[in-house]
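Per-chain numbering from 1; labels A, B, C and D assigned in written order.
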Amino acid sequence: MSAQMSPLLSVGAVTVQFDGVTAISDVSFDVNQGELLGLIGPNGAGKTTMLRVITGVVRQTSGSVRLEGRSLEGLPTHLRIRRGLALSQQIVRPFRDMSVIDNVALAAGADKTVSPVKALLHTGRERELKIGRDLLSRLGIERHADESPQIQPMGILKRLELARALALAPKLLLLDEPLAGLNSKEARLLADTITEINRSGTTVVMIEHNLGEVLRICHRLVVLDNGEKIAEGEPEAVMNNATVRAAYLGSGAAAATQATAGDQHAEA
Amino acid sequence: MEYEISLATTMAISVLFALSLNLITGFCGQISLGHAAFLGVGAYTAGMLAKAGVPFLLTLPLAMLVAGALGVIVGFASLRVRADFLAITTMGVGFLFVGIVRQQDALGGEMGISAIPDSGMSKLVFMLFAVAMAAAAALLSAYVRRCWMGRVFSAIAEDEDTVRVMGIDVPRFKLTAFALGTALAGLAGALYAQHLKFIAPDSFGFIESITVLSMVVVGGIGSVIGVTVSAAVLSVLPSWFQVIGTYKLLVYGGLLFLMMRFSPGGMAALVKRIFHPDRWGAK
Amino acid sequence: MLFVELIAQGLIQGSIYALIALGLTLVYGLLRILHVAHAAFFTLGGYIGVMVANQTGSLAAAIVAAMIIAGIGGILVFRLCYQPILHQPPFVPLIASIGLYIAAEELFRIIFGPSGLSYKYAFLQDQVVLFGFLRFKLAEIAVMLGSAVIIGVLSLLQTRTRIGVACQATVSDPQMAESFGISLQKVGDINFFVGSALAAFAGVMVSVLNNMVEPTMGSVPSYKALAIIVLGGLGSVRGTLAAALVLGVVESFGTIYLGHYLDRNAIAFAFLILVLMWRPQGLFART
Amino acid sequence: MNHKKLAVAVTAALAMQFGVPAWAEVKIGINVPLTGFAAADGKSALDGAKLAVADANAKGGINGEKIELVIYDDQASPKEAAPAATKLIEKDKVVAGVSGSYSASTRAAAPLFQAAKVPYVVAYSIHPDVTLAGNYVFRTATMGEVQGRAGAKLSSTLGKKNVVLITLKNDFGQALAAGYKEAAPKFGVKIINEYEYGIRDRQFGALISKVKSDNPELIYASGYYFTAGPLVNQLRAAGITVPVIGQEGYDSEKFIEIAGAASEGTLVTTSLDRDSDSPVTQAFLKEFRAATNAGADMVAASTFTATSIAIEGLKKTGGKGGEALRKAIETGTFSTPIGKLTFNDLHEVNKDVQVQIVKGKAFHRHSVISDPVLLAPPTKAK
């Protein structure tokens, strides 16, 4: 990655405190155009908080977040999304009263939902339905388009969540543990899909605990521990870093058992 | 005929009022336990204007405007609190409205306002006018349901945090729902004042708010037809129940409970269940 | 002096609010429903209290009978009315509860007559003078002491017994009950029993204070108790207690100094709205 | 629509109650609050009206035709009263109407009776607008303002100067307070403070603490027995011993029951004199107890009176309603339990105000305020 290329997202010296407790301390990193960046770290490292700072759900105590060089300071979540962010949430939250395709079409209609007046004056959604169907077929779940999300298994819902985020045509896609709750086969398939999405031009930042898949697909990693950035760089180099190893192995026994328990749970 | 005309007018006003709450609570999921305050704002605005000599037809848009404006203010409160907190806040707004009007001598205080000047319409024409307004509100509701706004509303009703991360300005949509719903309630209030020619603070209190919410929920929250039918029926039920006299509120309360206990989707769901017993889901 | 008296009167009113609102909080914490019909147990308590006291001449018997019957009634309401609709959106149990309350109020009127009942014997009407200027009815002292004792005992049970700890844990996290090996059903039964019994105790005390029970005596508590649990942060027992006492005192001063501008309800709700705009999670929310 | 069936059912129910043949011809309609917060007064009112009808029927009805009372519940709410009134007028075709209800519902019903030219006799609703609806509306109650003035006069008669007002915040309480404040200066009565409370309030601790610190010589407190009972009880418990003046809202045995021993000595301005030597009054009190097994209160007496006046008028017209009945009531003089009544040009009554005092757990005569100028009801001119 060349230094001249201006980063798509730039996180500068962000610190977050809740009631005096520091959740993130002076963290900076960049996300470059076209990159697939993994944001990793043990539980409680501050990854999800960082994602929330980027989307504006949580306000940083100090520091800056810039998208394409423009500060996102003071912008509410929905305006940040309209600047080109999209978020796929860790706990899938489809609208259960709508069919799968309606869920995606609603996101695809961003230009019609930009203001209440516009929303009131438009009824048709052929274009949005088409975008929706295309996305569903790209993610391999088009056969569930007209069904209710209520009856879908986790694997389908994870893909629906992703489709809905993609329907916003984002410049930067933020994924919060997209592989959690999937068995290893499903996780592998979805990781492949994410790679494909990234290859077709969408920059991706991904929080993920499944290190195997992270190491397999990510271009670069940022590692957080206890709210601090402890490493950054190419996956292999990062994983050989002594501090990173200490962070993971320090709580290693616990993390390892937890990971196994999680896998078993997913497969059960 | 006059009795039937009077009942039909009452029905039409109730339908209009219930549909106005349905926009806020049914479509957009913002529960309100103080909606009668806006009926009151409309009624008082129209009543005072009519007494000041403003022609009836002109009092209607003004009543809508005042009620809608106050609705937006309450809507701002809805941005700050959610769900059960919102329910109690709106309930508080209702009590506050009644409490304030009671103390305003200019608004007739505790005594209310009577002898509101006549619209000049005959009772029959006024009834038809009220029915036309209710029908217009039903059509508007049906349209909102079908357009993009309706889709955003139902998404907000289900999960507003997710709507926000879809890049949608949730506060503005909520405020729009409040503005639309409270303006329509204001219209219903203006018709109410004209119909009864007498208004007093107690007519717009907690009980009225509960009554209208019951109409919406019993009809099937969000269902335009269901709410229309249930508002029409429930509004004249007490008159029909005269025959059971002293038991009528007991029956009313009992029906409300049984409906929720055995058909939580309201009448709309009940009808669907009877005619399509094999289909899942109520929507 | 007036200041102290107003505070004392506010605390008396606040203790009554606390007794009623506590049950509502237990129910809300567990089931996340606004249990409007809770106020019916307040009224029921009052009626049972008057009838038993007039029959037996013993107020203690009246209190015990009222609390037990209301408690059992609470369990029945939980099992028959709420349990089947718990998975529905929140307004369904809310409207069901409102319907139930309307029907209950009407039943009281039809069974006991519209104009209410009074005690044949004057219970606790003697006066007590404290510190030379504070003057109370014995009944008022009984309300305050009774609430303090009952609430004290409850919190002891809640922290010292296994089932108490389970209930408490369940109020903050309904899934917790299972990890204590106690079914949600059982915790629900206990919460409804205790909550309804407390409301009945409040009903008896208020009926003694006013020497009157009437079918509509629950209508103000039915909504004001909701305001209190919201003020207290919904589901927080301590918050509810504090909110009840604070509201009692606010009303006490409000009716004297703001009475010409706003009525008692409006004062209470104006206070509520102000607080919620400042702290949307309630005055004493834990987060 | 099965209104016909419904009317038949009501008729049948009533017929059974009174032993009236179902072919009764002369119908009088009444709106009363049988459900809702005012149900207790509604029951009293209905008992009074039923007694008046039963009395008349026992004496041969009107020209041999039985009188039938058509009863509708109005919940004391204007929204329910309007359809009830319309139905009485149009479906049941009553020749006369009686209001046994509160001001809010009566004010909604009065213009409808006026428009249909059906005479409407209002028992105890005290709002000035009621009779302003037109010349078919009559009222037997002493208006709130007038009673308030009587209260001020009574205060000065008792030799008290410094008064605290405790006002019920509804139209009844407001009207009383307005009358009291208007007349107080004339009698040298000084209002040192006024407090307001709501109709649902039963606990007055804070308010009483403040009243105590005001140290008044007399308390003028408006309310109904269900608010006044606890209020007087709590006033006395707080050690306030000064006289309390109430009004006809207190006028019920229930007040004495609720306030208990504290009720002794309470004065009320009302229209019913229990110790009256008038045979009409004594007969009413006796019959009412026999019929209902309870003592009559002001609401029952007033509604009995209003119904009787409608019946007396109908006797004169031979059962005809409309203008003939209006004129008959307008020009008649009526002997009623609440005194001899005639109507002025606004159809208000001019009568003495009875002062009753609670003594030995019962209301007894204290005095009578007879002051035609002070107690003059409004007329058309005013």
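Keep this in mind: a residue touches a chain if its C-beta (ideal position, glycine included) is under 8 Å from a C-beta of that chain, and two chains touch if they have at least 3 such contacts.
Given the structure is predicted, the values throughout are model-derived calculations rather than measurements.
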Whole-Å gap between the CA centroids of subunit A and subunit B: 42
Averaged-CA centre spacing for the pair subunit D and subunit C, given as whole angstrom: 36
Subunit A and subunit D: spacing of chain centres that average the CA atoms, whole Å: 73
Overlap residues in subunit C, where contacts from two or more other chains coincide: 106, 260, 263, 265
Sites on subunit A at which at least two other chains make contact: none
Touching two or more other chains - residues of subunit D: 35, 169
Contact graph of the chains (line, ring, star, complete, other): other
Those chain pairs that satisfy the touch definition: A-B, B-C, B-D, C-D
Partner subunit B, residues of subunit C touching it in the complex: 28, 32, 34, 81, 84-85, 88-96, 98-107, 110, 223, 226-227, 230, 234, 260-263, 265-270, 272-273, 276-277, 280-282
Subunit B-facing residues of subunit D, complex: 1, 3, 6, 9-10, 34-36, 71-73, 75, 77-80, 82-84, 86-87, 89-91, 103-104, 107-108, 111, 127, 129, 132-133, 169-171, 173-175
Contacting residues of subunit D [partner subunit C, same complex]: 35, 37, 39-40, 42-44, 169, 194-198, 200-203, 205-210, 212-213, 226, 229-230, 233-234, 237-239, 252, 254, 257-261
Residues of subunit B that touch subunit D when the two form their complex: 1-4, 6-7, 10, 102, 109-112, 114-115, 195-200, 202-203, 236, 238-240, 242-243, 245-246, 248-249
Subunit D-facing residues of subunit C, complex: 1-2, 5-6, 9-10, 12-13, 16, 106, 109, 113-116, 118, 122, 125, 127, 135, 137, 140, 206, 209-212, 214-217, 219-220, 251-253, 255-256, 259-260, 263-265
